[in-house]
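Just dropping this structure here.
Chain nomenclature is as follows: A, B and C, assigned in order of appearance, with residue numbering initiated at 1 for each chain independently.
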Amino acid sequence: MTTVHDVEQKPAVTSLRSKDLLGIADMLPEEITLVLDTADAMKEIASRPIKKVPALRGKTVVNLFFEPSTRTRTSFEIAEKRLSADTLNIAIATSSVVKGETLADTALNLEAMRPDMIVLRHASSGACHLLSRICRSAIINAGDGTHEHPTQALLDAFTIREHKKRLRGLKVAIVGDLLHSRVLRSNIHLLTKMGAHVWVCGPPTLMPTDIRRFGVTPTSHVEDAVAGADVIMMLRIQLERMEGAYVPSLREYFSVFGMTEARVKLANPDVMIMHPGPMNRGVEIASEVADGPYSVILEQVANGVAVRMAVLYLLAGGADYEEAA
Amino acid sequence: MKRLLKGGRVVDPANGIDGVRDVLIDGDRIARIGTDLPVDGATVVEIPDGLVICPGLIDMHVHLREPGQEHKETIASGTAAAVAGGFTAVACMPNTNPVNDDANVTAYILAKAREANLARVYPIGAVSRSSKGELLADIGDLRKAGCVAITDDGHPVATAILLRRALEYAGMFDMPVIEHCEDPSLKGDGVAHEGYFAATLGLRGMPGACEALGVERGVLLSELTGSAFHVAHMSARASLRAVRKGKEAGVRITCEVAPHHFTLTDEMLATPLAYDTNTKMNPPLREAEDRDAMLAGIADGTVDAIATDHAPHHYDEKKVEFDRAPFGIIGLETAVSLAFDRLVHAGRVRLSRLIELMSVNPARILKVTGGTLSEGAPADITILAPDLKVRVEAAKLRSRSKNTPFDGWELRGGVAATIVGGRPLFTNPETRMSF
Amino acid sequence: MPDTKSAVVMDADRISRTLTRIAHEIVERNKGVEDLALVGVRTRGVHIARRLARTLREITRNDIPTGALDITLYRDDLMRYAVGPQPVVRRTEIPFSIDDKKILLVDDVLYTGRTTRAALDALIDFGRPKAIQLIVLVDRGHRELPIKADYVGKNLPTNPEESVRVRLQETDGQDEVVLQQEATV
C-alpha cells in the first residue's frame, strides 16, 4: 500500500528579507530554515524523468566567475537550468597583476543588459557587497575572497539535517585552514545561529583573530575537537600556506591535524565526514576516510544543486525588475 | 592695512593668555594685543560672542598630491581646503610624482603654493631618493630649498641603518625625521586592523604590533643619535606605550594622532556600510582600546600634535573592492569639528590644550614660525567657533576629493575665519563674521 | 474593515456523502479501478485524494496508488507581480510511474482553472498518462481557461467578490465548505 507523507508545518517566514544573498551573517535562523525546507522540495525534482520546472522561465541569470571553479559553477548552472532560467556564464581570467576593467565597470555593463540575478565569485572579500550597491539585480555570493560562501554552508547544513534531522545541539568539528576559509566563516555563522556547538581546530598560525567571539570553541588539538563529534568538516589546506610560513610542511600538517581513521574513531559512531572540496588526499584527509562509510562528500555535491535551486527561487520572486525599490 | 579684531576671547597658550583681548593686525603682522586698544585708523572687526581667537592652526601631515596626482588634489585645492578647515599652514608629504627628493621639486611646490596664495606650505622632503630606501636624498639641498623635515611616508625607512644615517644627517640641520612606523613583513598584504571585524569580513589584518615595532626602532635610534624623531599618524596603544617610555627616558621623540584614530574604530568596517573603502587607511582604524589609548595620550600630554594625514583619492579609485582600494581619507575640513566634538566638548582636554596640539606643538616640532600671537609675529590667526553646529557634507567640501567617512555627521564646533599673513582667506557665513 | 458574512454550504455529513458518491462514480465510469491512480493537488486535494483512496478500497478491495503534487513551481503567476514573497514550495511525492495510468487529479475548489492547468503541466513532466480525469469537491464557476471537471462534488454559483473556503478535519480540525461574502470597500 502506498502512503503519502506530507509535512504540514508552515514555515515561520515565507520569504527572504534581502534582495541578495551576500552571506549567512545577515540571515535569520527562520530564513535559513526556509531555504532548507525549500531545498527539500527542490531535491525531488532531480529524481523525475524530466528534471525541469518552469519556475524561473524567462529569467536571466549571469554566472560571473572571477575565480575558476568547475564544481560551484556547474552546480549553479544545473540549478538554474532545472528552474528553466536562461543562464549566461562569464569566466573572467584575472591575476593580481593584470588590471583591466574594474568590477564596478563590468557590473554596470552587465546591468545594461538587465540580468535578473548575478551569481558572483570573486577573489576580493566584499566584492558582492560592492556589486549589490551598484546593481539592481539580485546578487548571489558564490564565494568572495575569504569572506563567505553561503550556498556551501547551506548545502552542508542541508546534508547534516537530512541525516541527523536537526542541527540544534550537534557537536560539529571544523578542521583546517580556518584563516583563509570562506566556507568556515559561513558555516560558523550558520551552525551557531541554528544552535549547534561548533569546535574549530587548526594551528594557531591559521586561526583568525578573536575566534572565540564567533561563539565557537577553538583548539589546536584535533583529538579534542573530534571527541564525540556528530559531524567533522575538513577544510582544504593549500600548498601556498607553506610559503607564508603558516605550516612547516604539508606532511607535518597531516601528522598533527589530518583526519585519519584513528581520529575518526574518537567521534560518535554515526559521525558524518564532510568536505567542501576539492580534497587534498593525504593532506587534510586520509583517502580511507574520504572514501569510507562515514563520508557524505558526494551527497554534499548532489545537495548543492537542490540548495542552489532553493536560493535562486526564493530570490527571483516578487518584485518586477522595473519596480525594484 | 590695519585691522582691529575687537572684543573676542583670545587663547594663546604660548603667552599664557586666555581672556577677552583686542588684536591689532598691521599689514601681515600682529601689531598689538591688549585690552581696549585704540582704533587708530584700523578697520574694526567686531568679534561675535562665543568665538575664540587663537594662533593659526598648523596641519603637519597633509598630502597635497601635486606634482603628479592632480586628479586627486592640487596645491591650490588643498590649501583652499586647509583654510576652510581653519589651518593657516600645512606641511606636505613628499610622496608625490616625482617624489620630493630634490630641490627642484621643492621649489616647484613652493612656487605653486605662492601662486595659490592661501595657506602657507612647508614641504617635507624625502629621506631617500625616490623614497626607495637605498640612498639618502640630498638632505642639505632639500633643507636649503625650504624643506622643514624629512620622511619616506607611505612606508617606513627601509632599513635601520638608513634610518640611523638619516637621523644623524638631518640632525646636523636640526630637522626632525618623520616616520611612518611599520614593520613591512608583519604588515604583509594586510588591508585592515587585525581583529574581530577584519576576521568577520575576511580582510587580511595588520596588528598594532606592526606599528609599535617601528616606533620602538625609532625610539632606540633617536636615543642613539640624539636626533629628533617624530611618529607620524600613531594609532596603536602599544605605540603609545613605546613613546611614553621613550619620553620618560629623555629621548627626543614626538608623535601625532589623526582625528579618525581618536574617533573611529574598526567596527566601521562592518557598519553602517560594510566594506566602505572610506574606512580604509594605513595605519588602519583599530579596536576600541587603541582608540581610547589615543584619547588618553592626547589628554595626558604624551601625544604632541593632531595632524590629519589628509590623503585625497579620486572617487573612481575608491569605488573598487576593499582590498584593491588605495589607503587614505581626507581630513583638513573635518579636523577642527572632530577635535572640538570628541575632545573639548567631551571633557577630555581644555581649549588651550587643543591649541597646543594643533598650533603650538606643530610649529615647535617643525621649527617654523607660528603657534603664538606674539606682537611682531606673522598674523596667522584662526578664529574658532566652539559651539557652531556643523553638518559634514562631503559634496560641499573644497578638497578635490571627497573620500571621507564622516559624510552626514553632525558635530559641535567649527571654524569662523582663517587669516593668513593678515589676509582673511576664509570666513564662515554661518558665524556672522565679516571683515 | 470589510464585513464578512459567511454561510456553510456543505457540512461534514454532506461532504462525506458526496465523496462516497464520487467514489462510486469513479468505479462506474472507469468500469473498475484498473490502471487508476490518484494524485492530490497540495494541500487539501491530497487529503481528499486519500479519503477517496480509502473509500475505493472499501468498495473494491483494491489499493489505488496515491500521490501528492505541489504545483507552485508551475503557477503562471509566479514572479509576475510585485507582491513580495514567493509561495512556499513543498515536496511533490509521486512514488509510482504515471505512464499509461489513468490519473485522477484531485483538488478542493475549481475556479479559474489555472491551478488545474499548472497541475496538468506538472503531471506531463512526470510521464505520459493514458488519461487524466479531474475531481473537485466544489466547482464555483468563472473559468478563465477551457478546463472542465469530470467529477464535481457540488456546483456552487458564486460572485467574484465571494470566496469559497474548504475546511478539512486533517488541516483545519473540521469538515465544512463555507461561502464568504467580502463587502467591497
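The rule we apply is simple: a residue touches a chain if its C-beta (ideal position, glycine included) is under 8 Å from a C-beta of that chain, and two chains touch if they have at least 3 such contacts.
Predicted, not measured: the structure shown is a model, and the values here were computed from it.
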| item | value |
| --- | --- |
| Touch-based graph of the chains, sorted into line, ring, star, complete or other | line |
| Most centrally placed chain - per-chain CA mean versus overall CA mean | A |
| Separation of mean Cα positions, subunit C and subunit A [Å, integer] | 39 |
| Centroid spacing, where centroids are CA-atom means, of subunit A and subunit B in whole angstrom | 46 |
| Centre distance in Å when subunit B and subunit C are each reduced to the mean of their C-alpha atoms | 76 |
| Junction residues of subunit A - those touching two or more other chains | none |
| Subunit C - residues contacting subunit A, complex | 40, 42-43, 46, 50, 63, 65-68, 70, 72-74, 78-93, 95-96, 121-122, 125-127, 171 |
| Touch list for subunit B against partner subunit A, complex | 194-196, 198-205, 207, 274-275, 316, 319-324 |
| Residues of subunit A defined as touching subunit B within the complex | 25, 102-104, 122, 124-127, 129-130, 144-148, 182, 185, 208-211, 213-214 |
| Residues of subunit A touching subunit C in the complex | 1-2, 4-8, 10-11, 14-15, 34, 37-38, 40-42, 44, 48-50, 52-56, 59, 83, 310, 313-314, 316-320, 323 |
